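Paired with chain B in one complex and with chain C in the other, chain A is shared by the two complexes that follow.
So, the complex of A and B:
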């Protein structure tokens, strides 16, 4: 467990969560959501790192990345459709 | 059938994918998918309780994902299969149902299957994500600007909720090195990190299951979604979030009293606030949506108890609300199709124009208020019993207050349906509209006569009344 990674992850996580809760802009919220989840994933890997990365943790983070990618894509599509309808 | 539990997840997924590929036949594929899934649920039911735990690999449980069912999961699966089948038939009656609704329905079956049978906290996360994203897309299907805004608001609530859930998973895994619920149960202790993990799980799943203030997105999403979607959202999707929260609580966090206290106080808040807002609502679907907020509040009262009575109350309330609310949404949906309006005043004289829909609303009212012999009555009876055992007067007041509020908002609707209609009743309704009303009536009727089988249900769940 390397302290620098844990600190970076916590910072990302907090920044993402704070931004997500503060802003109303849909696009900015999507970016903040990505910061937030990236923070969680980095924290997961950093906390389970013992000389070599924990295989199970890596697999879980990979799954999580795919889920968050899908969710971001869905959010962007919804936003685009909303804008094309003038809203 | 050794692969029954895997089929619960895999079979609807196959139907969902083929529905997306062959959009021309999506309706037929969706119908087949829903009924195929229901068949697997029935088979699971008949094979239970001799069904072994299903594992996907021979690896140690720390890595291999385990699937298993218990009575609660079976109850949820049964309710889901029944409601999904009826909603599918209902949407056949509605002319303008989007074709993508049907494959999404199958995807919802997959998600529900994963959530109800998984024994693995990360797999539960994947299932919850699948359900949330499907529900978001279903909300957006209407395509109006209002619907898209509501879908985005729902998406953000669901995403933030799953982020918090994931933080809880990280805390559990880094402390205990396993994700399997059974293994975790043997290892957890009431340490500080666990307190924090439960706070993460509770707030994340509270967002997904629309607990009190966390449910700010629910009325918006319901107000603009199609009635069939609202029925699924209220009856099943929000309950999946609650199911996971209760599963984690009962297996891992029973000793965490402070967070549990906040949860049931929020539940009381939801009962009163939801009931009041339902009474004040101007749109038909908002009445039903705020009523969901109120009825979901009852579920969270379970965190105040550990008695068998409360356990019986919880699962009876889950069944009562799922059936009655799905029936109510479908009935209101057919009224909205008929009048083309969503205002509360538009159902004036419904008992003359659409008598079956009006009857379905009345039957749902019986359950939501908690009048005998409905399932809602049994649920509230057991809640009162459990509260009296512990002399918890706050909960007694909330249960009774919630009933009074339900009385107020449901009778407001019922009185309107009994007034003289503005237009003269049409003599012959189109067959589609009749089909839609039969679906609504079936669900509402089940929520009332289900109460007669209270003893059978509690015996099946293995709880004994005292």
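So, the complex of A and C:
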């Protein structure tokens, strides 16, 4: 594992969690949610990296990336619907 | 000390504790990947990530595609609120640019898809690239692609999932669900990946295209 990646990952996790908890703006919360998931993926890869990327870990993170894309897209669409109704 | 400073200090402490915790973790041993690597030689797929995604954890991948499809269903549930798209002027330059660039993108996507069998690449990366190409077409609206039918699109969205599930049931004849028949794993995985590329590209492009359409007021 490389130290710099682990530090970056935990910084992303903290920033994502802090922003998610502190802001009331739903759109900003979605952005912070994305920051948090990026931290998780980076941490996962950084912790399992031993000379070469671990195949099982890469496969899991790839799955997670696609799922988080779907979640973000649906979240944005829900936000738009909320906004168009004056919420 | 103000409340704001307290919160900042709290999160700094959280950051330091997390970092120390992660750094003190015992070093990782990839036993699962090693087991996968032992069985991989018989498969004909030499890139471990593709082998894990499509062979050893294929049910995970199937359900992941199902998750994307569910998100698209959510999109369609919200979609009728954005019915109107403003007319855009057609540009000759953009038209020609798209007809030049899209074949390149399609070929690059196919290369990415195929290269998943021996290096980094595969259905998801190829789909992301193809989705970018479709978004270019949608944004520039070349005349040659003007007559896309909605029903065809909906079929493309579910095509990958259907092929995946169908292959899963076919493989029931030779054992358990999604246990690909020995001897032809290579071609079955390539078929699934191709189908997944097409429908994931369409889905991801739909996420963008449906998401940006204007609200009719």
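In this text, the second predicted complex is superposed on the first by the 87 of 87 C-alpha atoms of A that agree within 3 Å, B and C clash if a C-alpha of one lies under 4 Å from a C-alpha of the other, contacts with A are read in each partner's own complex, and residues count from 1 in each chain.
Just so it is clear, a contact is a pair of C-beta atoms (placed from the backbone, for glycine too) under 8 Å apart; a residue touches a chain by one contact, two chains touch by 3 or more.
No experiment lies behind these values; they were computed from the predicted model shown.
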Partner chain in contact with A:6 - chain B first, chain C second, else both or neither: second
Touched partner set for A:63, first chain B, second chain C, both or neither: both
Partner chain(s) touched by A:40 [first = chain B, second = chain C, both, neither]: first
Touching partner for A:20 - first (chain B), second (chain C), both, neither: first
First (chain B), second (chain C), both or neither touched by A:81: both
Chain A: partner with more touched residues, chain B or chain C: C
Chain B versus chain C as contact partner of A:29, first or second or both or neither: first
Which superposed partner A:73 touches (first chain B, second chain C, both, neither): second
Residues of chain A at both interfaces, chain B in one complex, chain C in the other: 13, 17, 43, 47-48, 56-57, 60, 63, 67, 70-71, 74, 78, 81
Interfacial residue positions of chain A with respect to chain B in the complex: 13, 17, 20, 26, 29, 33, 36-37, 40, 43-44, 47-48, 56-57, 60, 63-64, 67, 70-71, 74-75, 78-79, 81-82, 85-87
Complex contact set, residues of chain A against chain C: 1, 3, 6-7, 9-11, 13-14, 17-18, 22, 43, 47-50, 53-60, 62-63, 65-67, 69-71, 73-74, 76-78, 80-81, 84
Chain A contact footprint on chain C (complex, rising order): 7, 11, 14-15, 18-19, 22-23, 25, 27-30, 32-33, 36-37, 48-49, 51-53, 56-57, 60-61, 64, 67-68, 70-72, 74-75, 78, 81-82, 124, 200, 204, 207-208, 210-211, 215
Chain A-touching residues of chain B, taken from the complex the two chains share: 62-63, 122, 125-126, 129, 133, 136-137, 140, 143, 145, 148-149, 151-152, 155-156, 159-160, 162-163, 166-167, 169-170, 173-174, 179
